[in-house]
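For reference, the structures are reproduced in the following blocks.
After this come two complexes, each holding chain A, first together with chain B and then together with chain C.
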Partner chain A sequence: MNKYQRVAYYPGCALEGTGHAYNSSTKAVGKALGLELDEVKDWNCCGAMEVKNVDPKVQTYLSSRVMSIAAHEMKAKVVMAPCNGCYHNLKKAEYDLAHDAASRETVDRISKKAGHETYQAGSLETIHALDWIKDGIGEEELKRRLKGSLKGLKVANYYGCMYTRPRHIFPEKDRGAGSESTSQPHFMDDLLAAAGAENVDFPLKTACCGGAHTLSDSDTSTKLVLNILQAAEAAGADVIATECPTCHSGLEMHQVRAEKVLGKKTKVRMLYFTQLLGVALGVSPRKLGVHENASDGISLLKEKQIL
Partner chain B sequence: MRQQLLAQAEAVLEEWMKARGEVPTQETIEGFRLLALHRQGARGVPSFNACRETCREIAYHYNLLSGSPEKRDHLERMMGMLVEHLSLFVRGKMEVEGLGEFCCASRPLRQQSAVEEGSDG
Partner chain C sequence: MAIHEKSLIRPENLTTHENLFVDGVDVSGHWSTFIQSRVVTDYNESLQDEIAALPGGEHIHRCWQCGSCTNSCTVNAVNPDFNPRFWIYLIRVGMESELLRDKDIIWQCVSCNKCTYACPRDVFPEGVMKATAHWLELKGHTPKSKSTLFDEEFTEQVVATGKIEEGRIIRNFFARTDQPLLQDWLVEMAKRIARRLPFKLGLMMALAAIFRPKARKWSDASAAISEYVNEQHAKQKKALSLE
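And now, the complex of A and B:
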């Protein structure tokens, strides 16, 4: 059995809130592809950005607790996090625990106090939803399971800046043919192309969306997002495919704000890559949460005769 | 046009270096001063690497523009957007520099307000 066939699933906080549609579409696509998810029991926040700024080692602990439950209580070998922030933080915790004695000491001390086993680096493999589908199923098997096609849909694949950065916490990337690239990520491009989509050349695929500035400096975020949206349109895209709930809601929210505040209207839509794959796999848009998106994906998919 | 856009991108990173009190490098990496400036600018500021690929894409588009005359307009437009993105990113970064991590600037702000509240009381 492929090691990604059944994995521990760490949805993270965003997928219970603004990224709810990403959660439901990830589960629906997994089901359609025969991939199984065991949700991590009693999971907690990964530490996100807030805790990291208060004390980075507490953030390492919070991520390690999630990995400890997956490795020790669930006996999982692989944990999958679809959110770029969670994925990044789990990978970073793994790296810190492998390379930094002070992080190990802090995590061990808090784990003992909290009454659970201390997570040991190397006990678990953390992957993203893109790895899960790309390496768990692959393009050829995906093609065999398609019930529809994304033919005629031009897609700009947007990975955001945390999926590949910093490079040193992703030792499995940049390993040549078949591996993901940190400078030119392509896993989402590969999967959506297999589902019939036409990927456009999109040079801002890993550019910053200003996500962390959303509340503290909304104008900068809006301008960064507007530039991404306009570049996607200039590249000929109908839709921007996303793989991070923070990026996704930032693109949607600032598209509206750009029109209201700056008077700049853009037409490109946003859909999670799991929603696009789900449509091609014949899953109903409702089960994929397409109606929950602020961006009107339904009318685009109908216009393109995909629905 | 491509020289102009490349010079604009370099000027953005020069401003970043000057704001940090450093002398912008004249060195090049892979033939581009822009890439050397980026590397210099990211020293000690890992989050500055969030614009690394934008710089590399600017260099890539500069090279593409040496050929492909039929795509010149499109490539120039895309290169312009990349330079605009770099400019927006660095501008935002300069605003929060000194306030903490780019990915969350709240901690020093809270510390500052805590000090002020303490002195009020």
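And now, the complex of A and C:
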């Protein structure tokens, strides 16, 4: 059996809040494709972009607790996190625990006091929702299961920062044909192309949306987001496909803010890649949470006669 | 001779003469711009060690000054004064007074890690930026930045309950930074979402705001984390001679 057929699932805090639609669409797409998710029991926050600034090793501990539950209590081999922040932090914890004795010592100390088994590096493979679908199903099988098509939809694929940077925490990337690239990521492009979308040549795939300072330095974030939105429009995109709740809500929020504060209006819409795949797989937009997005995806999909 | 990185020299230290001959040589005009010589006596010889004692700053000594960090920097593209390569240089030679000229923008690093990706010496410039911003706050050169206040609010919630609730973070952050919550663009954003939001989801979000999400059996982890963080912060203060 495919090792991604049934994986431990770590949704993370954002997917229970602003990224609710990403959570429901990920589950719906998994169901339509026959992939199973086993939610990590009693998971905690990974620390996102914030806890590391108070203490990086506490952040390592937070991820290690989630991995400890998945690997040692649930006996899972693979954990899947759809959020770039969670995915990145689990990967970073894995790297630090494998390479840094001080991190191991701190994690062991806190784990013992917290009363659970210390996570041992190498016990678990962390993957992103993109890996899960790309390697668990693949484009050919995905095409066979399509009930509709994204034909006529021009998509800019936006991966953000934490899916590819820094390179050293992603040892499986940049391994040549079939592997993901950290400079020109393409897994989302591949999946959406298989679902019939037309991917535009988008130069800002891994640009930063300023997510870490989306509220604490909104002016910088608005400039960065506006740049991404305008580049997507210049490339001819109708929609920006996202694979991170922080990027997604950052793009939506600062699209509104750019309009209100800078008077710069942009028309491009934002949809999670799982929402786009779900539509092509014949799942109802309501189940995919399309109406929960601030950006109006429904009218675009109707206009393009996809719905 | 051309002056490289002219933006790094204070304008008052640049002199151009309309009409000047030195030993019979014409040195008038733009092409003979002079940099005023100066003597620096206030080196802080422990600056690099202090930054290296804070999390993220550990590898600053590896820097070769190639400039890949500044070249790839997201914030530099928006604000040319944001220059990690230059700050690392100032820290390494101990020019604290020069570093302090940029004290109010160093916290603006967005942690995109483009610098870390590009750095050929594994300096981890993103970490150095965080360490420097913390150093400025710990030494009292700057008040806590909005970013630090956000990080603290977020971390307090994680340590207390093991999880965060976004609405609570936003409300508490705006309160901590004395900003009104009802900003035009946030209200507009809420309106656009509410237009299509199903009643059930609205109710769920309201419940999450009242009954905070929690990880179960978290209290021992919470105590162990707090104990560890307090120890680390005490060590850092000692390294910065703030005892």
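Simple rule for what comes next: the second predicted complex is superposed on the first by the 307 of 307 C-alpha atoms of A that agree within 3 Å, B and C clash if a C-alpha of one lies under 4 Å from a C-alpha of the other, contacts with A are read in each partner's own complex, and residues count from 1 in each chain.
Keep in mind that, in the parts below, a residue touches a chain if its C-beta (ideal position, glycine included) is under 8 Å from a C-beta of that chain, and two chains touch if they have at least 3 such contacts.
What you are looking at is a predicted structure, and each value in this text was computed from that prediction instead of being measured.
Colleague: Clash or fit: how do chain B and chain C relate after the overlay on chain A?
Modeller: Once chain A is superposed (C-alpha atoms), there is a clash between chain B and chain C.
Colleague: In the superposed arrangement, does A:C208 touch chain B (first), chain C (second), both or neither?
Modeller: It touches chain B and chain C both.
Colleague: With the two structures laid over each other on chain A, which partner does A:A121 touch: chain B (first), chain C (second), both, or neither?
Modeller: Neither chain B nor chain C is touched by A:A121.
Colleague: Does the superposition put A:E50 against chain B (first), chain C (second), both, or neither?
Modeller: both
Colleague: Of the partners chain B and chain C, which touch A:R165 in the superposed model: first, second, both, neither?
Modeller: both
Colleague: Looking at A:V29, would you say it contacts chain B, chain C, both, or neither? Reply first, second, both or neither.
Modeller: neither
Colleague: Classify the contacts of A:L300 with the two partner chains as first (chain B alone), second (chain C alone), both, or neither.
Modeller: neither
Colleague: More chain A residues touched by chain B or by chain C?
Modeller: Between chain B and chain C, C touches the greater number of residues in chain A.
Colleague: Contact-wise, after the overlay, does A:E292 reach chain B, chain C, both or neither (first, second, both, neither)?
Modeller: The answer is second: A:E292 touches chain C but not chain B.
Colleague: Just chain B (first), just chain C (second), both, or neither: which does A:R257 touch?
Modeller: Only chain C; A:R257 stays clear of chain B.
Colleague: Which partner does A:I110 contact after superposing on A: first (chain B), second (chain C), both, neither?
Modeller: Only chain C; A:I110 stays clear of chain B.
Colleague: Determine, for the stretches 78-86, 204-212 or 222-230 of chain C, which one clashes with chain B when the structures are superposed.
Modeller: In the superposition, chain B collides with chain C along 78-86.
Colleague: Between chain B and chain C, which residues of chain A are contacted by each of them?
Modeller: The overlap between the chain B and chain C interfaces on chain A comprises residues 49-50, 52-54, 161, 165-166, 207-208, 210, 212-213, 216-217, 220, 223-224.
Colleague: Would you pull the chain B residues touching chain A in the complex into a rising list?
Modeller: Result: residues 46, 49-54, 56-57, 60-61, 74, 77-78, 81-82, 84-85, 88-89, 91-92, 95-96, 100-107 of chain B touch chain A.
Colleague: Using the touch definition from the top, list the residues of chain C that touch chain A in their complex.
Modeller: 55-56, 74-75, 78-79, 108, 110-114, 116-117, 127, 130, 134, 145-152, 154-155, 158, 162-167, 170, 173-174, 177, 184-185, 188-189, 192-193, 196-198, 201, 205, 208, 213, 215-218, 220-221, 223-225, 227-229, 232
Colleague: Quick one: in the complex, what on chain A touches chain B?
Modeller: Where chain A meets chain B, its residues are 49-50, 52-54, 161, 165-166, 183, 203-204, 206-208, 210, 212-213, 216-217, 220, 223-224, 227-228, 230-231, 234-235.
Colleague: Touching chain C in the complex: which residues of chain A?
Modeller: Spelled out, the residues of chain A in touch with chain C are 13-14, 16-18, 20, 42-45, 47-58, 61-62, 65, 106, 109-110, 113-115, 161-162, 164-167, 182, 207-208, 210-213, 215-217, 220-221, 223-224, 252-253, 256-257, 259-261, 286, 291-294, 296, 298.
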